[in-house]
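Letters are used for the chains, namely A, B, C and D, taken in the order the chains are written, and counting of residues starts over at 1 for each.
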């Protein structure tokens, strides 16, 4: 969870100062801010569970590509604003479903973070839905760009619902939901929004994988880390 | 002109002018320019800080910086709204910025080169901005004065955060201290320039003072800024890059060197170190975003006509 | 010299695989290769002169922005192909004049590197001149883009001819030419090419400064270094 | 058909077909497809390595990588020239690549994620490519055979350099060794796929063998590659990610697991991990470069008409 919010928060923050309208500058900064805040909570918790003395900053700034466990979707480059907002919508739709389920986690720490995050993410989802609808059902050009964004990003959604042994163990223990169980809520939301946005969901259900497991990220994550981790890597002895 | 006299008397009596009130054309035009430039400065001012958001060294610093940049965009929004009450649209103002007709604060034409610059911008640039803005809370134009109240509150918060970054750097490793000193070296004179050249002999300036659009002389505010900032630099253990800087017992103020005004006018003429970069970034953002603005507009139209059809 | 070739070599190498025609892919890779080769020679020499045990790699990969002494021109982003090739031409025109003078250096090591580099750079200059002429005196669009590139980059040429105490000391000792002395050769070449390219030199002779002295680089260099130095910073104990 | 018989006899006798010679339409079409795909592979193949040029860890490594990528562009150029002798232009071939009609080697749809991948690409990918290409030096079409001679020489140089990177990584720090193993894990099966699915029962394939466009069966080359590579992996102290890998005394070859051919067909269908990225990069390069190609063409026209006018 923390890697997802970290990487997506970083991507969204790349828009700083260059959004299409001032209101979007504010909204994107706000989204990034929420995501980074959630990152701190999740990664601190992860550090505690690990018990090796690493805090959120150590986890965020001192791991290389292979050790990241984020969805491939969130590391995809911003592209145009349409692709950014489509990525946001697809992530938010999953994120909300996931957090809702995590509120019921047997693990108190997880449930607490989920509850706090859910409010923020519900707002993100509302906003992203509206923008996707506005641009999808907008001008010919905005419609075409949004359809292209959807086609491009759709193959990265399937990974959200795959599970491995860890996922299964967590589901059995009541710590986290079975990823596949989130699919219906996600599909319902996505279908409803795409209908109003007059956009067509791709027929292929091919799914890229390898981000969540860390087995094969895309080439983009490494470039993101060169920026994100620069100061911590260049000045390992400093405190900031 | 009795109308003008009444207008001036109201200002002299400490009254506020509101959007629907009569006002002299010069007053309106000057305010539009001033508020517009201020708004543009908030917008362009996102860029030098945005330059380090993706490289912020900790999650907390990243969050603080994001919050700050978000505030700046918010300030831009209030200010454009204030300007709109004077009968000019945000799009018009934006177009004047993008073609170079309107300016923004010259300070944002300087680059941010190390993380210490995030400290220096907060401490010095926001510090100078506050010095300029606090008196404007009492400016005669109501919407502007009210916007300033909100803005000043947030700015002083930013300044404290900047000083905090600076403190961490000044008390950090050898490299961090060097960055802190280098940031002060690079931002000191540009910060002094933020108050503008001496305006002792400017008629223009006298009129703006009478209208309470301008509340203090540039030199007065600059002196105040120096007096406030030098002890802070001492506290940080950093050296202000001015060999003539000295406490003057008689005046009760610091004596200090003037910035290089030739440089200031070069920056104003578009030759600042980052002027071309900033304009390129804003123009690109605007051009790339055209389809989004048009798309959203088209959607709004569709919704409206659907609602009409449903009536 | 080594910082100039390093930074420009890096910039040119960013074109890898995405040039407008295959022949340019080859030419740009070749230029970058020559520049990186020259960098190794210059920075190894600089390390020897410094006598602190730093080799070319240590100088290239372990210094931060402030310690770089390259012209602002070479750190400017690639922009479109027109801007890249205009930057190359302006740099080559200066570089050739400078290397020609350095062949006469009293310092044998410098003279030897200059001589070796001069052949390569003479070829770069020929090639860049031809391309600037071809695109300047090409279609309306290519003409407009090349003029825009020239207008944008011209303010970064003045820095080549400024000098400080170090430059003066080197000139007196016969180690390096007085920078100002290179101006006539540069101007002649540039004027000749721009005439054939039907491009107009900007009237203003305003010059950005601060790269050569390290006092004030542009914001672009720092981003370049996050990429370039990533591996050395992230894995300081490794050899490659 | 006596013409076709004569053609086949000439090939059987080890003769070369040259551009002006008569040839069956199927021979021409197959060659265009094969040479074109090979050329495209060289071009697209620049991207996964280009991905690390700006992050190369030393000046020497950066130079070696640049030289390699330059060679690849050069190979692309020879091959497009060889294809042009068959009556198809480089632009036509490029357009077919960009719209997805023509393919390139599926291996380039896999990402390069660490510096060790620069080693793995050289060692495994170039290794497999050479295994495919060496026999093609004896292919029946003259221009293709001659291009292959040049290319093979350079490729084997690249392979050695790749192995050298791999060796440095395998003998490096703990992190470097982990990167080396991870690179082998990710590139092993995609390298095996480079030889294509088993073609035992393909008629198509038999015809190409007769024409000496294809010299060996896919399985034969794959086996050769495995036999050559496994001892190298042992030498590096790395583990081939195949639990069924075992030396088979009887066959005198290694037994090994088949790659996941479903994955292969997905990649072929455009669903490789980087397929969309690669096509986007090439399309962008082509579109962004349009003005350059048009500008240079316009200049050439101008020069020609000036030269004519001067006559």
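As a convention for this text, a residue touches a chain if its C-beta (ideal position, glycine included) is under 8 Å from a C-beta of that chain, and two chains touch if they have at least 3 such contacts.
None of these values were measured; they are calculated from a predicted model.
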Inset, instruction - Identify the chain pair with more contacting C-beta pairs: A-B or B-C. - result: A-B
Inset, instruction - Please flag the chain sitting at the greatest distance from subunit C, going by CA centroids. - result: A
Inset, instruction - Quick one: report the Å distance separating subunit B from subunit D, using the average Cα coordinate of each chain. - result: 56
Legend entry - Distance between the centres, which are taken as Cα means, of subunit C and subunit A, whole angstrom: 41
Inset, instruction - Express in whole angstrom the distance between the two chain centres, defined as the mean CA positions of subunit B and subunit C. - result: 36
Inset, instruction - Mark out which residues of subunit A touch at least two other chains, giving numbers and ranges. - result: 64, 226-227, 230
Inset, instruction - Give the residues of subunit B that touch two or more other chains, as numbers and ranges in rising order. - result: 55, 175
Inset, instruction - Would you identify the shape of the chain contact graph, picking one of line, ring, star, complete or other? - result: other
Legend entry - Contacting chain pairs - touch in the sense defined above: A-B, A-C, A-D, B-C, C-D
Legend entry - Residue ranges of subunit B in contact with subunit C within the complex: 48, 51, 55, 111-114, 175, 178-179, 182, 186, 266, 271, 273-274, 276-277
Legend entry - Touching residues on subunit A, where the partner in the complex is subunit D: 64-66, 152, 155, 206, 208, 210, 215-219, 222, 226
Legend entry - Residue ranges of subunit B in contact with subunit A within the complex: 43, 46-47, 49-50, 53-63, 66-67, 69-70, 73-74, 76-77, 80, 90, 115, 165, 168, 172-173, 175-176, 281-282, 284-286, 288-300, 302
Inset, instruction - Please name which positions on subunit A make contact with subunit B in the complex. - result: 6, 9-10, 13-14, 16-26, 29-30, 32-33, 36-37, 39-40, 43, 56-57, 60-61, 80-82, 131, 133-135, 137-139, 141-143, 145, 227-228, 230-232, 235, 237-240
Legend entry - Residues of subunit A that touch subunit C when the two form their complex: 64, 223, 226-227, 229-230, 233-234
